[in-house]
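There are structures below to look over.
Here come two complexes built around chain A, the first alongside chain B, the second alongside chain C.
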Partner chain A sequence: MTRDLKRWPVRLVSLLACLLFWQVAASVKLDLGLLTFTYVPTPQAVLEAAWQLLTSSTLLAHLGSSLSRVFAGYAAAALLGVALGLLIGRSKWAEDTLLPPLEVLRPIPAVAWIPLAILMFPSSELSMVFITFTGALFPILLNTVHGAEAVDPRLVASARSLGAGRWAILREVVLPGALPSIVTGLAIGMGTSWFCLVTAEMIAGQFGIGYYTWESYTLQNYPDIIVGMLLIGVLGMGSSALVKRLGAFATPWYRTRRAG
Partner chain B sequence: MNSHQQAPGRIDGHGLSIRLGQGREAFEAVQRLDFAVEPGEFVCILGPSGCGKSTLLGALAGHLVPSNGQLRVDGQAIAGPSPQRGMVFQHHTLLPWRSVLDNVAFGLKMQGLGKAERRQQAREMLQLVGLADFAERWPSQLSGGMQQRAEIARVLINRPRLLLMDEPFGALDAQTRARMQELLLDIWARIRTTVVFVTHDIDEALFLADRILVMSPRPGRFIEDLRLDFARPRRASLLTSPAFTHLKRHCLALLRHEEGRELPRLTPLGLPATDHPPLRIAL
Partner chain C sequence: MRLVATVAGLALALTGLNASAETIRIAIGTQDTTINCATGGLLIRELGLLDKYLPHDGKYKDAHYQVEWKNFTSGAPLTNEMVAGKLDFGAMADFPGSFNGVAHLDAGKRSLFISVLSGSVHGSGNGIVVPAASKVQSLAELKGKTISVPFASTAHGMLLRAVAAQGWDPQKDLRIIAQAPEIAGSALRSNRIEAHADFVPFAELFPNRGFARKIYDGAQANAPTFHGALVDADYAKKYPEVVTAYLRASLEADRLIAAEPEKYSELIEKVTGIEAEVNYLFHGPLGLQTRDLTWKPEYRQAVATSIDTLKLLKKTDRGLDTDQFIDDQYIRAAFKQAGLDYDKALTNYQPLPLKANDALTGKPITDVSRLAQIWVRGEDKVRHYASPEAALGALAQLEQEGKDIRAIYAQAADSGIKLLANQAWFVRNAKGELAAFLLKDQAEQYAKAHGGEALDFVSANQKLVAQR
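== the complex of A and B ==
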């Protein structure tokens, strides 16, 4: 604990050094040939833009739209990802029928989904939710599959010897056995869901942090772009941390094992 | 033998063979076994590593299916695992996400018993194995010996006809193992059930058993059926008695006969898992 405290000053200094470099590079319009800071706004300009957004009435609308989209897509991905993952992880037949098409869909980036999402869904709101859904689905699905496959076969055999049926084995052995893996998937999925937010909100809308960022680019409000980027970063980090915290709460045995 | 009512726990094997592996690699782990075990008998199956003794245990538990012959418990052919035939592995299989108490109560939960009732019974069972003070712990917080005691309690709460043990104390240090052996005999004196105990440790087999079936490897066959009549309760002093050493010498000679062949260990679930699950980059 005390050693952890001692490490904080270094971490803070490192962050401050990055900020300082940014400030200097942007204010002298540092030009390295390959990389130029000519058009990069200074931290101070970004701070002012952030203050403007904070005090404006639109922030809540932006946040509300984005949060509801991310969480709707994420919740759907979590439900489907965990359910499919358990099925694929426990049944060879499900693995053979379901995994090949999913593996083909997996590498397709969120941007590539935009046209199809617009065509397939009745409202642009639903298409945006779908884009965040695609971002979260695969990490959750694959981690669940991995967790379900890695469950010790001796635990399953023992549970059967104690009278557990198929359903009880799923509920009592496979699901909790895969849970640490599922939590990892859920935490990664939360982050990737935010990744896809800007992409999703490129589709349409008036509100949303991704939309705000994209609009700032088209309007050439460069400081606002960075405010949007940082906001997505902070929100993504915060919600991932929340998922991890909830996950640790749901797997108390795992915590004690690692501590002990 | 069926003419009058008997205590449950009789085992009959006739021409029993079990094949493991697939295709060209397949082999008979045990071959044409004929044997019978009386209800309430404590039988040790003694043999070198990989001789098929664990395979036989797996078939008794219902995890492995015989390729030939019959295997019956109280006249009934074995069809899959059952709480009537409890299994204790070499390394514990307690559920890491359940407290020790709820692990022991697991079988009763599967029977549909209410929480209060099953916990009450589980507490009594933990008392019996001397773990009353550890009921609320996670399994990972117990020592190896305690984990095996919890495992035994979890199996016995179902009042099984058979208690099947696959080198249950093999991974423990010598002192703990000796204590666990005495504890097992104490429990068995109170909860009389047929015990089939697999071991490659001659001392252990001689100390515990009413009867030792000595097995030779590849194919696994019984080469000796040894009945022991050391008085019970047995204590550590037995290990140094002349009768004990005499029998030990006999067993050593039987096993030495099979020396020179190093075989991979088999498990009650079949062949040991050689391939680790493929590494998946889950992103």
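== the complex of A and C ==
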């Protein structure tokens, strides 16, 4: 823990250095030929825009809408991803029947799902949740499959020789063995779910950070766009960290092994 | 030989100095699917009109032109690229156009609104549609419902004005949500949205495709709307002749489509996939909108209104000096070069006129207020009829001959706007004459006042057949 504390200043300095570079680059209108900061708003302009959003009455509505959409999609993806992942990881038959269609669906970008999401779900809200769900599902699924497949077959064999049944093996051997990998998948999935938020909130909108960002684009309010981007970044980072922290509590053996 | 080389080298160096051998970029952002921008983009590009007017004299003697075209589905990304210096020209509506002006100011530059391309001083072009299966027949029935609209578009302005005219509070009496046209299409098709307000051509395109019905025309809100062309101010200052050349190409495109609206409606369909009959509805004679390149006071007002509207919505706090932003010197120069009278055009509020003979009687149509038209698939000209009842009579005949009907148009008896007749309402008087209306309500009121009965297209058609 103390080692962790010592690392925080470095992390903060890194963030501040990025901010400083941005401020300088934007204020001197840095032009590197391929990359130009000429039209990029300065952090100060963004800060003012953020302050305006913070003091407006709509921030809570934006946050609430987005959080509920992301977490609903994420929760569904976590349940389905882990369940399917364990099944596919443990059963060759399930792998052959379930994985091919899922692999076909996996590369499809969220934005391409929009028209179908609208046609298939009864409300825009559910269509949006579906989009954040597609964002989160595949990292969780694939990491779970990987974790379940990577469980040492000798562990499974010895458990079986000690008389463990299918469920007991799953509960006592496979799940704990795959858990670190599942936690990684859950943390990545949290990020990718946020990743799809702007796409989801393009469907219809009034509130939501993705919608706010998109609306700012329509209005050509560049500082507001960056406020939206940063909010998504911070919320995504925060919720990923939360998932990691919860995961660490669930896998104490893994934590100690790593620390040691 | 050596002398020639030296002279040539010297000449090259000199031309290099006075910059006439430079490459001049002409990067134009178009909105092909927003079909009323056709004369500012699609037609110029497809017909290669720009080359005809680009200057090759004076400081442009050795200029090399590099023309770049980029297509967008809305104004926002187009403005984005203009601000970043990747585009010199752009075509968009009054609302996004104002943001274009403001965004340029924010970036320390300026843009100019140089011409109108097409619009309606009354507001037609914008409209509100409901899913085809919906029972709703008028805006008044949408109280408490959800209406989607492309945010900060010219249609958004119309919707707010229409809502205000109903005496409603846009925050309380109904829910207005943002939705792009392509997404609204799916939402209407699957009944996910109660109503949708949109700009050209969607309020006609969706009904024409059969999954929506128009219940409100922008003209009812009397909020002028238009699409026009913008240019980067520095670019215009550097190459004013190029800007004028672009507008001359635009004038030529306007002349061509006015002369042969069917032919160019087909061309627009070929490029965009938007049905020629919808394109004709806007671009044809007595069309829903009027192509107009002059800065009528109504269009200047539309730009000012759009900024004020967004201030009211607390979506922007930035102002824009419209007198500076709207610059008519280039369009005036283009008119002059083309031998046209700008001031005369400025005061002309007439739609594209129709000089045609009745397809049945062969007599010239003198009164166009009851005009009706039929476009038979495969024919390169629309058939004109002096009255809706004449057109419906001819329709029965055409259908008997097994002809595929592309579209039937009628002019509204009250507002004069062009309607898709198969979705219109009619009042049939004792003499069997039909008067067309957009809304059931309008038809019923007219019937009450003038006698007759209000019918939808199918019943009007049946009555006519039964009468024979």
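The definition used in the following text is that the second predicted complex is superposed on the first by the 237 of 260 C-alpha atoms of A that agree within 3 Å, B and C clash if a C-alpha of one lies under 4 Å from a C-alpha of the other, contacts with A are read in each partner's own complex, and residues count from 1 in each chain.
By our rule, contacts are C-beta pairs under 8 Å (C-beta built on N, C-alpha and C of every residue); 3 or more make two chains touch, one makes a residue touch a chain.
From a predicted model like this one, the values you see are computed outputs, not experimental measurements.
Student: Since both structures carry chain A, what do chain B and chain C do when superposed there: clash or fit?
Tutor: Aligned on chain A, chain C fits beside chain B.
Student: Touching A:Leu86 in the superposition: chain B (first), chain C (second), both, neither?
Tutor: neither
Student: Under the stated touch criterion, which partner chain does A:Val70 make contact with: chain B (first), chain C (second), both, or neither?
Tutor: A:Val70: touches no partner chain.
Student: Kindly classify A:Trp253 by the partners it touches after superposition: chain B alone (first), chain C alone (second), both, or neither?
Tutor: In the superposed model, A:Trp253 contacts chain B only, not chain C.
Student: What angle, rounded to a multiple of 10°, is defined by the Cα centres of chain B, chain A and chain C, with the middle one as vertex?
Tutor: Taking the centre of chain A as apex, the angle works out to 150 degrees.
Student: Considering only the touch criterion stated at the top, classify A:Ser124 as touching first (chain B), second (chain C), both, or neither.
Tutor: second
Student: Between chain B (first) and chain C (second), which does A:Thr218 come into contact with in this model arrangement: first, second, both, or neither?
Tutor: second
Student: What is the contact status of A:Arg160 with respect to chain B (first) and chain C (second): first, second, both, or neither?
Tutor: The first partner, chain B, only.
Student: After superposing on the shared chain, does chain C or chain B touch more chain A residues?
Tutor: Answer, by number of touched residues of chain A: B.
Student: Is A:Ala168 contacted by the first partner chain B, the second partner chain C, both or neither?
Tutor: After superposition on chain A, A:Ala168 lies in contact with chain B alone.
Student: Could you look at A:Val227 and tell me whether it touches chain B, chain C, both or neither (first, second, both, neither)?
Tutor: neither
Student: Tell me which partner A:Asp152 touches in the superposition: chain B (first), chain C (second), both or neither.
Tutor: first
Student: Compute the least Cα distance separating chain B from chain C in the superposition and give it as a whole number of Å.
Tutor: In this superposition, no C-alpha atom of chain B lies closer than 29 Å to one of chain C.
Student: Which chain A residues contact chain B in one complex and chain C in the other?
Tutor: On chain A, no residue contacts both chain B in one structure and chain C in the other.
Student: Looking at the complex, which residues from chain C come into contact with chain A?
Tutor: Its residues touching chain A are 74, 76-77, 79-80, 83-84, 96, 99-100, 102-103, 106-107, 148, 150-152, 175-180, 182-183, 186-187, 189-190, 192-193, 310, 315-316.
Student: Touching chain B in the complex: which residues of chain A?
Tutor: That would be residues 138-139, 142-143, 145-146, 149-150, 152-155, 157-165, 168, 172-173, 176-177, 179, 181, 184-185, 188, 251-254, 256-257, 260 of chain A.
Student: Report the residues of chain A in contact with chain C in the complex, numbered from low to high.
Tutor: Listed in rising order, the residues are 38-39, 114-115, 118-119, 122-124, 202-206, 211, 214-215, 217-222.
Student: Along chain B, where are the residues that touch chain A in the complex?
Tutor: Residues in contact with chain A: 61-63, 80-83, 85-87, 89, 91, 93, 95-97, 106-107, 110-111, 138, 140-141, 154-155, 158, 268-269, 273, 277, 280, 282-283.
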